[in-house]
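Each of the next two complexes has subunit A plus one more chain, namely subunit B in the first and subunit C in the second.
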Partner chain A sequence: MKSTNIYLTSIGTGYDLSNSVFSPDGRNFQVEYAMKAVENGGTSIGIKCKDGIVLACEKIINSKLLVPGKNKRIQTVDRHLGVVYSGLLPDGRHFVNRCREESQSFKSIFKIPIPVPNLLDRIGLYVQNYTCYNSVRPFGIVGIIGGIDDNGSHLYMVEPSGSFWGYSGAATGKGRQIAKSELEKLKFDDLNIKDAIKQAARIISLAHEDNKDKDYELEISWCSKEFTNGKHEFIPIELLEEAKKFAEEDEGDEDEDEEEGEGEGEGEGEDTEMN
Partner chain B sequence: MFRNNYDNDTVTYSPTGRLFQVEYALEAIKQGSAAVGLTSKNHVVLVALKRNAEELGSYQKKIIKIDSHMGVALAGLAPDARVLSNYLKKKAMENKLIFDKQIQTYKAVLSIADKAQENTQGFGSRPYGVGLLIAGYDETGSHLFEFQPSGSVLEYFGAAIGARSQAARTYLERNLEIIQQETEVEKLIVHGLNALRDTLSQDVELTFKNTTVAVVGKDQEFITYDDEDVQQWLDKLDSVSNARNREEETEENTEENTHETNNEDNQDHPTNEDRMETDE
Partner chain C sequence: MNHDPYYWGRPSDEVYGQYNYNIANAKNVEQHNQNNSNFPKMNTQQPIITGTSVISSKFKNGIIIAADNVGSYGSLMRFNNIERLIKVGSQTIVGISGDISDLQYIQRILDELEIQQEVYDNDGGDFLIAPNVHEYLSRVMYNRRSNMNPLWNSIIVAGFDSEKKPFLRYVDLLGVTYHASTIATGFGSHLAIPLLRNLIPENKDYINVNEEQAKKVIEDSMRVLFYRDARSGEVYSYAVIRLNEETGKIEFEFNKKTKVEDQKWRFAKDIRGYGSTQH
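This part shows the complex of A and B:
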């Protein structure tokens, strides 16, 4: 899916001009192009630790006229469920609206909050449907869904193709390469949620290297039995400040001893559209 | 010759993940005349430059009242703005009927954002060709949102859309702190008009005919000033024409200026063709 020879094999053959069309070697190019839209958007990550989940994103600030603290990118789907996404932001709203509808419909039938895997089943089907017809286009986002249910905490990532996987640490968007390599270093079994918040801030700050010429605002939310009573909420401002400070201090150290690897960074997309 | 195959509809991504039809819709906003919005703690002001298709014709309405606490300014295809503002009015009334209170600005704005997004993901409809600035004052204070045809909605302290709006944004950015501190609505309007003035092309001036002003805020229902009522605000400006010593001229600006040098007599009569009614 991330092959670099997309341009050589697809353009001019006509198989990439319409959704729902297979190329002779069995690829659906429009879905792959949708993934490209995601890869230019601001970074989003999710961490599952032993006592909850943390979602975080890098919100690129294109103008100083924007109101700080508004225009949130992390959204709550149900009391126990949060979503963050990278890519085309309006598509993200569509995605979240559908998630909400599915949670509500589940609740109205079964009278209990939707278990996270059930939501993913449903939303995966919905997203997949947008790859099947030439009258629609696939979602231009990758969504990271996290939440707590009776079986504990869950973290999933949904792609434009409709496929989804469970993760301990998930990353998408422009800085995903750096974020992934940082996530891989974490020991998820020992991580408590307050440390996970700090790590999230640090990882977003590192991943911002790929988009360094622009300012960003950090958004972090969490879902924990102990601290939020199983609800998905934005973290309190003190925790956010603490996490930011941690990230800053850590970055100071990083600069001295190592240079971080670089991402792909094929950024020519419209910045108004994606971040 | 190179041809862009990926820009025929909104359901085709380009190989780099862009949606050209949506980006072209954003261009339609720039065909419309400028609108500027700005906020202080207790007030939101919208100002806009109206165009008339011909000298004897009336001026295009640029500001639409939605409810007593909310209104929009538009740039781009005016008919599309009517569709969206009717939808907003409907949402505002529904909210009153169901909750017995006025709709919150963000809620109203997100409803048209979702509506616009639908038009970008399905075949057979086009994205809206209009940008809106939505001003509202509700129990959470004053709010200004910018709506785009892509379905993106962002909250700003100050925003400008339409032709040469970059100049207005520059003004707003430079004076952001002062504007935010402003407690008097009169001064806020003057800042708005100053920003709008920066978007003017060479031989156009702000007049009571081509300028429209709207205010909403604390203890102030949404009110629009047109025609003679605008003069009181224009009188507060040091000048009604664009400052000649502007530092940077955008490309489109210089282009249009050359068009307009042969138009000497009527400042209210724009020579650059008004494309608001066309389907290009």
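This part shows the complex of A and C:
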């Protein structure tokens, strides 16, 4: 554990030991600790542009023996819906399964694909429930859900507390600070999806700077009316290579511009096996 | 014997006392006692809106399958826009005749199957192919008939097997399945099969038949069916799935709103019987 003064109000008071118990100043520490688990995970981002959404993640390679290009991290919930998350992987798998169940159940009742906001209403409620009981712990992930429905493209981020917000650009995981400040520079109103893919590759590569000692694999998926017929899919290999090249070239430029250029120091904590 | 229609065939109460449901340890005792009804549970007894034949044939490097777009209510042509060929995955087509509401149910479960097998993470695994789809459907059909609640359909599954050979197989409301190089359901099994077998006398002979030949016989069969099957329609859909032997890729062609061509109705004046007023 880190030095006690950081957690002055939680350690030793007992209010952090149990889920569903407020501290006297109105915080739920278990939820905040869940957020800590997320902060150590590999970076995930989502970009919403006018003609679709792009999801990307920095998949940390823990072992050279892992098969390249397999063990995908971005998952599909329904034809039109994709999810990426940072934090505890098994929690994320369970989260995705629940998303799938909810969208199937919606379809079995209404016979149409679930609209993205409806899915988030349901999944937000589900995640929130895991903050209410002693017998469970909150989800150790932040999930980014993106997709296209009749009302256009949507991008949301769900937190361990169960709250979810709609975003134009969302970032979570270890490199989120850098990723967020890069996302803020994008002009979402006139960003097209192919540029968004390149930006996603660039942002993930920048966000990886603080974690350079570990190898990573870039995963990018998209959902676009024009290119994927509204379906959520991994981007074609050519596009991925192009995006990687773009990110590499951009990185080269930046090294020349500013030698020291460091982001906010967020990654100093102990190395955990989470990603 | 009690002759009241609701109690028909039951021993009469005056002679034998009231029927005791516990005798046979029947599961539905509670139900009977609760709603105070002696009428047994009843499942589908007949189809309501129906689609007529589906016809299909293999050829050297693929398969062709056709079905018209009519939904009949008895002898009334109630709908003329029912699509009875369903694409499942990238290289399989399912042709369904019989009850249309059951068709729609099958369409939904196939969509669910497709999402589970192809849309969810498929980390380099196998994709849905026709034998998978057929096996799945035959399990569903047999299960339903075993529960005495059948889906009232005859189904043809067409596509390619894992060795990229043409695959054509049938399953129906009883859960019966069989394979052949030419398969037709409903009236087509009487009217189209003889024509198809002229082209492909035995199962192995499909390798001598090319796509044009197969397509021509399917067109002829659809015409004959339109002439002689009173539940058929003039507009039909057909699908061709072929293996392009040069590229090794499977090509999928789905044609909708095809019309029965070359109709010659002169034979009709010679028809006798069937309510015809001609002598």
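In this section, the second predicted complex is superposed on the first by the 254 of 275 C-alpha atoms of A that agree within 3 Å, B and C clash if a C-alpha of one lies under 4 Å from a C-alpha of the other, contacts with A are read in each partner's own complex, and residues count from 1 in each chain.
Simple rule for what comes next: a contact is a pair of C-beta atoms (placed from the backbone, for glycine too) under 8 Å apart; a residue touches a chain by one contact, two chains touch by 3 or more.
Since we're looking at a predicted model, the values are computed, not measured.
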| item | value |
| --- | --- |
| Which of subunit B and subunit C A:Asn134 touches, first, second, both or neither | first |
| Subunit A: partner with more touched residues, subunit B or subunit C | B |
| Which of subunit B and subunit C A:Lys70 touches, first, second, both or neither | both |
| Which of subunit B and subunit C A:Lys36 touches, first, second, both or neither | first |
| First (subunit B), second (subunit C), both or neither touched by A:Arg100 | second |
| Partner chain(s) touched by A:Ser181 [first = subunit B, second = subunit C, both, neither] | neither |
| Touched partner set for A:Asp78, first subunit B, second subunit C, both or neither | second |
| First, second, both or neither for A:Asn118, with subunit B first and subunit C second | neither |
| Common ground on subunit A, meaning residues reached by subunit C in one complex and by subunit B in the other | 70-71 |
| Subunit B partner contacts - residues on subunit A that touch it in the complex | 6-7, 10-11, 16-19, 29-30, 33-40, 63-67, 70-71, 88-91, 93-94, 97, 130, 134-140, 266, 268-270, 272-273 |
| Complex contact set, residues of subunit C against subunit A | 108, 112, 115, 119-121, 123-124 |
| Residues of subunit B that touch subunit A when the two form their complex | 5-6, 10-19, 22-23, 26, 110, 113-114, 116-118, 120-124, 148, 150-152, 154-159, 169, 172-173, 176 |
| Of subunit A, residues touching subunit C in the complex | 70-72, 75-76, 78-79, 100, 104, 107, 111 |
